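The letters A, B and C name the chains in turn, as written, and every chain counts its residues from 1.
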Amino acid sequence: MHILQGRRVTKMFGGLAAVSLVDFDLQEGEILGLIGPNGSGKTTLVNVITGALPYSDGDVLFRGRSIRGLPSYEIGRLGLSRTFQIVKPFRNLTVLQNVMVAALFGARGGARDLAAARRQAEEVLEFVGLAHRSLAPAEGLNVPERKRMELARALAMRPTILFLDEVMAGLNPAEIDDAVALIKRVRDRGVTLLVIEHVMKAIRNLSDRIMVLYHGEKLTEGSPEEVLNNPQVVSAYLGKRYAEQARA
Amino acid sequence: MLVLQVLVNGILLGGLYGIMAIGMSLIYGVLRIVNIAHGALIMLGAYITFWTFTLWGWDPFLSLPVTILLLFAVGYLVQRCILNLIVRAALYLTLLITFGIEVVMVNLARIAWTSDLRQTAPAYVAANFSVGGLTIPYVRLWVFATTVVLSVLFLLLMERTRLGRAIRATAQELRAARLTGIPVGQIFAVTFGLGAALAGAAGAMWGVLFPITPILGRALTLKSFVVAVLGGLGTMMGAIVGGLVLGLAEAFTATFIGPTYPNAISFGLLVLILIVRPTGVLGRGEGR
Amino acid sequence: MNARRWVPLLAGLAVLVLLAAAPGIFSAFMIQFLINLFMMTILAESWNIIGGFTGYTSFGNAAFFGIGAYTTGVLVTRAGLPFAAALPAGGALAMLFGVAVGVPVLRLKGQYFAIATLGIGETMREVVYNLEVTGAGTGLVMPISRSPLSFFYLMLAILAGATLVNWWLSASRFGYGLIAIREDEDAAGAMGINAPLYKTIAFALSGTFAGLAGGVFAYWITFIDPDAVFKMSTTVQMIIMAVFGGSGTVLGPLLGAFLLSSVSEVLATQLATLAELFYGVIIVLVVLFMPKGLFDLIRRREFSFKYFARNLRENRI
């Protein structure tokens, strides 16, 4: 079932087309990888879908209903949540409080009372493996912990669709493997995922399908094998090295 | 004919507003600080000129360089010793501290010089000349001429000197400026000093035209901000244009609506601009 | 609510009862001092709602105070309304003003919002100065009240209300929403928080309490003019009390108001200017050395030079 559909989504900044006529169909329960060189419009596309930026043209349908023009908080309430590429922690709150906010306000308005939100937050922190840092101030976390908290916040919203924006950036290979495993567990809980990533190894292991953006346009989409071996995709990035990696 | 007179009055006053705004715009453009103490610096300039005139008979226009130098020093020290310490703090803290500095300056002035109204009144203050049915007081003309000279000097400083280039570089790209070896802390201090100097010059002239009190600066801080925002925070040309616009708006309001309304108009204009177009008429994109 | 939440509530109740008994114990002078203290605390707490919890530093809250004062004043002197009706009306008008002004102005970021509120404060003074109905520059004279003690209890009641609201904000869904907006408005929006609505409510709430305090003030002082109620120094005081005590906390404004009011009361007997100078210096020192306020200092139990030095170093160029 197509849970999210994009039709000719376009975003212009002045004369520059950051996203141009992008169509996509997200299947319920799948993990769709979104790749492309820097500046190809991946984050912009997610910003438009989630209401952080206004559309220049096109539409996006969630379960058949258009969500174009809705403010970001309404889209969050509908069940679409996201992480930010540059994480945005609530610095003066503890990790637990950070996640509680998400639990209080997430999908369908979130929990109504603090006790329920706290329980929900604790459960999510347990799930992402950050429970031992619940009471630490958000400022004091290291990079992988921050990423986990960002993920925890998005999850505590009880999303139907989760957009992950380069969550692997800054992680070492072992941490990347952990992250991949975690994201798969998220999907097992019934969340549909759209994952923006640069780390090819991760994207290959994670995605059911991959979509490629280049200069704001959709270049191609398909299974990881098809896409990562596609010579156009390879040359769009920076060549042979990735082609070698993909074949390995 | 009345319209023409009001027009002239507005333009003459507008030049002064322009100078005030340039100082504010400069400080914001480089330091990203809204200097709430701007009016207090103007006030200080007015008092310095008043006292040098009253105690030693120095002509207010001739004593300008002294006022400018003194205010530059004050501004430099304030930035170097206080503001440089909180440059990276949250926005509301920088606002609060300039607020605090303003309060300190105003109250020191109250204690030192009382709240009695003063005026720098050299002999020629009442003299005016007529041309084509218009009456123009000499002082207003000289004030305007001075503001023109100061604007030109300032523009030359910013465009033609190494210092000016360094300041502009720091305004545009702080990290890059640092990397090319520009002593950013020093530049910040000099910039604030320049802004203060301009404020002081404006104050010196204000004191010749209007009464001087310790709180004369409060309304002027806001007006400087109106003008700077009108023209676009961070642009110099914009400040001059904005100054003229405000001067004209006030002149027309005072004459055709009522003498107690100009302040209300300028504040109302401020709020309106901020809501409708915070980037100003000529400004670059910021604000929302 | 669990046990931990009950303790502060009960403590507050105890203090309230104690204060209510004050008129029987203290001198008339002390009572006047307390009324003023209550008023400043209300203002600090009202500012705390928009400035502390929501993170929108408003420099024009004196406008709400003045609106409350003048609405009450005008309704009593010109429309002949009894004070009991005029006061709530003053609060209501201040609230409406908060909504009307808040909707456009809260869309502005950071310094633009601050300056806009500064402008609004000044504009209100000028407008009131020019209107006939408010007595223009000459001001309004209020009727003398028959029961001076009623002001004490009124202010105390409003104070209790403001403190209760602050306390509620510190641990409620709405309060968390405001704090999230303060910490990162974009992230808050993405999480489902309707930031524009919440901000406006916070601003209106802030204005309501300031307006109510203003209404009582007008009747208590019996004479108001634009300079008295739209004073910049009122804004100065409420901000510095909240920040000095600890903005964004419940006890902060209480602490700050109590301490600073007391010192300033002593200074004001010497010279009013000295009191304002004192406030200015305090602001500069607080921003430099303890921007998180007294509450943070107490909480960390770090009464050493190191705390101040650390704050100083954190924000330098």
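We adopt the following convention: contacts are C-beta pairs under 8 Å (C-beta built on N, C-alpha and C of every residue); 3 or more make two chains touch, one makes a residue touch a chain.
Please read these numbers as outputs of a predicted model, since none were measured by experiment.
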Contact-linked chain groups that survive once chain C is dropped from view: A | B
Chain closest to the middle, measuring from C-alpha centroids that were averaged per chain: C
Most distant chain from chain C, judged by the mean position of its C-alpha atoms: A
Pair of chains joined by more contacts [C-beta pairs], A-C or B-C: B-C
Whole-Å separation of chain centres (CA-atom averages), chain A against chain B: 49
Interchain centroid distance [CA atoms averaged], chain B/chain C, Å: 31
Centroid spacing, where centroids are CA-atom means, of chain A and chain C in whole angstrom: 42
Shared interface positions of chain A, touching two or more other chains: none
Residues of chain A that touch chain C when the two form their complex: 50-52, 71-73, 76-77, 81-82, 84, 88-93, 97, 100-102, 104-107, 109-110, 112-115, 117, 153, 157
Residues on chain C engaged by chain A in the complex (per definition of touch): 2, 171-173, 176-177, 179-180, 183-184, 186-195, 248
For the chain C and chain B complex, residues of the former touching the latter: 51, 55, 57, 59, 104-105, 107-112, 114-116, 118-120, 122-123, 126-127, 129-130, 232-233, 236, 239-240, 243, 271, 273-274, 276-277, 279-284, 287-288, 291, 312, 314-317
Footprint of chain C on chain B - complex, ascending: 34, 36, 82, 84-93, 95-97, 99-108, 110-111, 184-185, 188, 218-219, 222, 225-226, 229, 258, 260-261, 263-264, 267-268, 270-271, 274-275, 278, 287-288
